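In what follows, subunit A forms one complex with subunit B and a second complex with subunit C.
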Partner chain A sequence: MNTSVIAIDNIRAAVARRPAELAVARQAGKKVVGWIGYNIPEELIHACGLIPIRICQGGDNRLAEIGANYISTQNCFFLRQCIGLFVERQDPYVRELDALATDTTCLQLYRMATLLEHYFQTNVIFLGVPKNREVPEADAYFTQEVGQFLSQMEKMAGRPLDEGSLTRTLKLFAGIRQAITQLYEYLANDRPLISWRDVLEVVQAGYCLDRAQYLILLQELLGELAERAAAPCRTVERRVRVLLAGSLIARGDTKLITILEECGARVVGDLIWSGMAPFVNLAVKEYSLAGLVAAYYSRLPHGAIPHMEVDNDDRLIVLQELAKKTRANGIVYYSLRYCDPFSFKVLCTKNAMKRIAVPLMEAQTEYSPEDTENLRTRVEAFVEMLDCAQARREWQDE
Partner chain B sequence: MLKKKNEALFVGVDIGSLTTKAVAYSPSGIIVTAMIPTGVIPEKSGREILENVLASADVSRKEVNAVVATGYGRITAEYADKTITEITCHAKGAHYLHASTRTIVDIGGQDCKVIRLDEDGNVADFAMNDKCAAGTGRFLEVISQVFKISLEEMGTLAQSEAPLVPINNTCTVFAESEIISLLARGERAESILKGVFRAIASRVSGIAARIGVDGDVFFSGGVAKNCGMVAALEEVLQCPIVSLEFDPQLVGALGAAVLASELRVKS
Partner chain C sequence: MNKAKEIFRYPEEIKAAFLASGGLTFENKQVSAEEIWRFMTVDGPTRFPASFTIDPNLGGFSPDVDFFAGIKHNYYRLTEFDRLRNRYQRGKKIVVVQDGPTELLQACGCVAARPPFHWMWAMRDVEGLSLEEAERRNSALRNECKKCMPAECCSIVAPFHTVRTSKAPVDFLAPVSYMACSDAVFTIETTRSDDNPVPSFIMDFPVHDHSGSWRVEYLAAQFRLLARKLGAITSIKVTDEALNTVIVRQNRLRRLARECTKLWWDAPTPPLNSSDRFVLGLRCWEQEDETAVIELLTEARAEVARRVTDRIKGAGIVDDPVRILVCGSCAHLNAHMVEQAGGVIVGNEEWLNNMTMHIDETGDPFINLASAACAMPYEQPPEKRAAWIAQLAQMSRADGVIFIYNWGCNYQSAMARVLMDIVKTKTGLPTTWLDIIQSGRQTSGEQLRTRVEAFIEIMQRHRAAKKIK
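Then we have the complex of A and B:
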């Protein structure tokens, strides 16, 4: 894969400059709101004139061990590392936070946030999320919670939300979502125009960059990819096409990505909450607070939201559709140890994918390096299995 | 068996965590096999076993058409033409030995796998333990040290009529402590060993449940040599285990050799 895409280098440079920019902005009186969660309406932070930063660092076993001094080791590695980040305060984004917003989608996350509040006096802003969207009270509850969340943002900003500002923000974020969707379409192209590692890096750059600048950089990248797609190409792509699903793969958590690349698999898409999942079915139809609430309320549910009927579970339906759309040969289901919302769903997801003849393999792992070779064997064997099945199909077609 | 003149020769090398195995194979059958303990440097063990089988088969490396390396040490095997995972190799080896195999239980030195096969010996699905070596060959080795008897003796003792004493842990460290406590309590060694094999079989059954067990069940890997383990597995999985003369510890290397011959056919 030729990764010398100029726009990606520009995004990397912007990310490298960002901590210094944040420090300057704070000195000038701007406030930074970090968020960890799955249903935080980031648009409200932005529209109030605050700087939203999604905290999403992973892959560091040392920090996860530090976090384990404060939370049980039977909580997922990502959250343990989050605590580690707040213990050390070396991360440039954690250092610059004025408040941390979090939601109650994942109860491990909620527990972690209460610990940050208790041990490190972090200013935590909680957003309640209904667990059962089937009952009529759920909608009203979420509307009320978002209203309270907005009040806290307004308080931090020292001014009420301006309607014009909200509209501009909603348009900006809609543009970002559209650009990310297009980026994933290039990823799934017959020709390898961009690697999944790069796509993930680009998506995650958006967690910290100024959103208006980010959209410009995304458009620059899409322009470059369009040129690449139009250029003639003679090489035939033979790598097996893999789709990623399951737990969140945070910035710095590169174990699985590296193994997949080394095993010769091509990742053509994902449905993870640090990748494409937050952009799926999140359409703000009306540029207003009510429109924003409705969009978040009806978005793709996170794995921690209960849904008892497997046959009409949106998450499984979306994954099936994505597997078909990306023509994936198989699905690697990333299961971060103790990430219960996703680990518990492996079997039903596997069975759902079996119905469309797409094999699924669970890649359960953690941030420590001990299981690297074990994981490599599992992934490599899965890629061999898919490769063999593809060769048989080609042979039959001939 | 001797290689026929002008017949192609293929070698499979399986560098496991505890032992390194090799099988030299030609289209007319298995020529020679070898096994040594895996040393500190897996790459060295792989080269050594390759030299051993070549010497036994009385051929030079140039006369070998293809070498496939497998096992956890495969990534160090620069001498091989290709590396393939042990999951694919065990499937191929078991299918070669017993074509109606549809499920393989492979318990090696540090891992345990359950593999489902299609009718052509291709991997259809698999499940594997994670980093924990509970209920694997290494676990049995530690337990044999507690009893100060060989692995074979453990199996024979567990076949006695003594009642089973359940073992609650398959974690090597916790199980060792639990067994010492049971011995101190005066429980019979035969009963405890029965419990040990049952505990491992139950763990395998948990892994097997993820992908299901179907058709003829083949047991490969070093632990498959243990009659106590075979009996416990048959009891827990509620099905007979395919019984063959071939050493189950060599199945991965055999599969690698067969796959080496297929590489040759494809090229």
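Then we have the complex of A and C:
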């Protein structure tokens, strides 16, 4: 696979420039709203003329240790690291924040935000997310919550939301979602042009880049990939095809993907909330505030939203469809230690995947390097098992 | 080792006085003091020998045999599953809940089963177990549940899974999500199955406290829908009037519990030890034995009042013990261990939270239920909750505050430091937090003992320093 894609280098360069751009923008009076969570309508931050930045750093055990001075070690590593980021304030994006928006989807995250409010006087804006959609009042509740969220954004921006601006933002974000979906399709190709590691880097670049510029860069990337796809002499990739699911894999959390690559697996897709999951089933059908609320209300539910029926659980259905679409040999379920919304679902997800004959392995890990070799042993065994099964199938086919 | 020697026995000398103290009323049937005495001295030790261990470190009964309401409370606890079984056989529906007000379930004619219910049911299925045998059974049950759950699941909540693995009955699953606990809902979710579906309705508690009324309306709408869903299995249509009647009764119980607790708090010398003080906060109003509970609390109040007048100290407490307020998750500190180290527990935040709740008795009862749930102090953001804990510390004249959480409890443990920091600033009292593993009776590990003893020493020095000043 040729990974030296020029457009990716351009994205990396844009990301490198971004902290300085943000500092300049703030000096010019622009405000930066960081967000962390799973149902924050980022579009509203953008449409109000504020700069949205998704805070999603992971993989740093040192910061997680610092965070553990404020929140207990029974809480997930990602959140502990988030607190560590706010303690140190060395991260260029955290340093530039005027406010932090968060939602109540994940309760640990909600708790963490209340700690940031108390210990670091962070201006936290909360958005309530209903988890029981059986009553019509849930819709009303979410609408009111988003309305309140918007009024806080308008207050920060010093002006009311302009309808035209909202429409332009919604179109822009729809374009980004479409581009990301297209990008993911290249991953599952038999003759891959891009690795999952690169795709994740591109997706996560979108957390901080100016969104209009980001769309242009994505389109350049898609153009370049399309050109390369048309070239005739690419070899068929024979490595084991793995789909990733489970907890989010934040920027900097490279342990699992490194091990997967070293073990000879190829990631052909994901359904994680730092990857593809935020783009699944999120379609704004009407370019208005009501349309935005409806889209977020009916999107793919996060693992923290309980669902008691197995046969109509969208999360399982989408994962099954994705496994089929990407022709995955197996699923690696990333279970970040103490991430309850996903770790509790391992067994039922495994059972659901068994029904379509796709094996699943839980990769439970944390940010400390201590379990690296344990994890490697498990991944190696799983990849080897998938490899053997694939070889057997090919032999039988022949 | 001679097993008989291990059995706790109530002394014959108290029998006459106990028999004169009267019995309890369960479902319009009087259980005489004679019957209670017989159960606590003959039937109980045979059926549940593990509960009659002589070692208070392992959860044995309080040594305060002169506190008769305490003996009756032990009877109440040991026999509650007999009554529940009877009710179930007579057609009562068992509904698994987690937290929050249970008035609606009672109005719907259901039994509200909180987290330990199914585990207790499964434990009580087999009688005559010694302490060791009970420990083994407890461990086996928990391990069975844990197979379906991640290692990090709280060991108190994990037994929720006995809903699937035991013979304990369940007609409906209706936990209130995220009140007090987040593991419970995820655990309930692991019980879902397509081969044996149990009807369910997960009540969503909107955690964030906005000033808008939509939070209460959303919760009230869920209470209404739950009433309809339960109505479908019980054929009981809950009217506002019926629900208000239950609310009035439960408010009365909570008021009585608050009065008893205040009496204990205001006493110059603790009139009951930490174990018996729990009787005053009796949290069994969800199990429909209201008459017995009222009788128990009334008797306890009278006994405490008498002890206060006569300056009688609860059994097992040292002179002038340091007073500890326990906050945090549903785990408990071993009361005996605390008392041995020179302390006494003045209250438990979770229980006081339930006791504090008052539901308006007029107007729309569904809105009133939702408003009361949203106002529960345990569910408030850090500053508000800490202010309430500080108030409790002041009212109970606590010398220190401990926040404890069970291993695996991320939702409450996340609040440990922040709450204790704020309480310390507000009250000037020493505070600390402890991570404990409560997976059975043997919760008082030596590490925990060391930490509790050290904290008690800190409180003693702090109090001495205050006196000098």
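The definition used in the following text is that the second predicted complex is superposed on the first by the 397 of 398 C-alpha atoms of A that agree within 3 Å, B and C clash if a C-alpha of one lies under 4 Å from a C-alpha of the other, contacts with A are read in each partner's own complex, and residues count from 1 in each chain.
By definition in this document, a residue touches a chain if its C-beta (ideal position, glycine included) is under 8 Å from a C-beta of that chain, and two chains touch if they have at least 3 such contacts.
Treat the numbers as computed from the prediction; the structure is a model and nothing was measured.
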When the two structures are superposed on subunit A, do subunit B and subunit C clash or fit side by side? fit
On the A-aligned overlay, A:Leu347 touches which partner chain: subunit B = first, subunit C = second, or both, or neither? both
Return first, second, both or neither, reflecting whether A:Glu380 touches subunit B, subunit C, both chains, or no partner chain. first
Tell me which partner A:Pro136 touches in the superposition: subunit B (first), subunit C (second), both or neither. second
With both structures fitted on chain A, tell me whether subunit B or subunit C touches more of subunit A's residues. C
Would you sort A:Arg177 into first (subunit B), second (subunit C), both or neither based on which partner it touches? neither
Examine A:Glu370 and indicate which partner it touches, taking first as subunit B and second as subunit C; both and neither are also allowed. first
Angle at the Cα centre of subunit A, taken between the Cα centres of subunit B and subunit C once the superposition is applied, in steps of 10 degrees: 70
Applying the touch criterion given at the start, work out whether A:Cys388 contacts subunit B, subunit C, both or neither, answering first, second, both or neither. first
Look at A:Pro359 in the shared chain and tell me whether it touches subunit B only, subunit C only, both, or neither; answer first, second, both or neither. first
Taking the superposition as given, tell me the minimum C-alpha spacing from subunit B to subunit C, whole angstrom. 5
Following superposition on chain A, which residues of subunit A contact subunit B and also contact subunit C? 347, 364
Where on subunit C is subunit A touching in the complex? 148-150, 152-153, 173, 177-178, 182-183, 185-190, 192-194, 197, 200-204, 206-208, 210, 212, 214-215, 217-218, 220-222, 224-225, 381-383, 405, 407-411, 413-418, 422, 435
Please give the residue numbers of subunit B that touch subunit A in the complex, ascending. 72, 75, 84-88, 111, 122-126, 128-131, 210
As the complex stands, subunit A meets subunit C at residues 69-72, 74-76, 104, 107-108, 110-112, 114-115, 118-119, 126-128, 130-132, 134-138, 140-141, 144-145, 148, 306-311, 335, 337-338, 340-341, 343-348, 364
Under the stated contact criterion, what part of subunit A meets subunit B in this complex? 347, 359, 364-365, 370-371, 373-374, 376-378, 380-382, 384-385, 388-389, 392
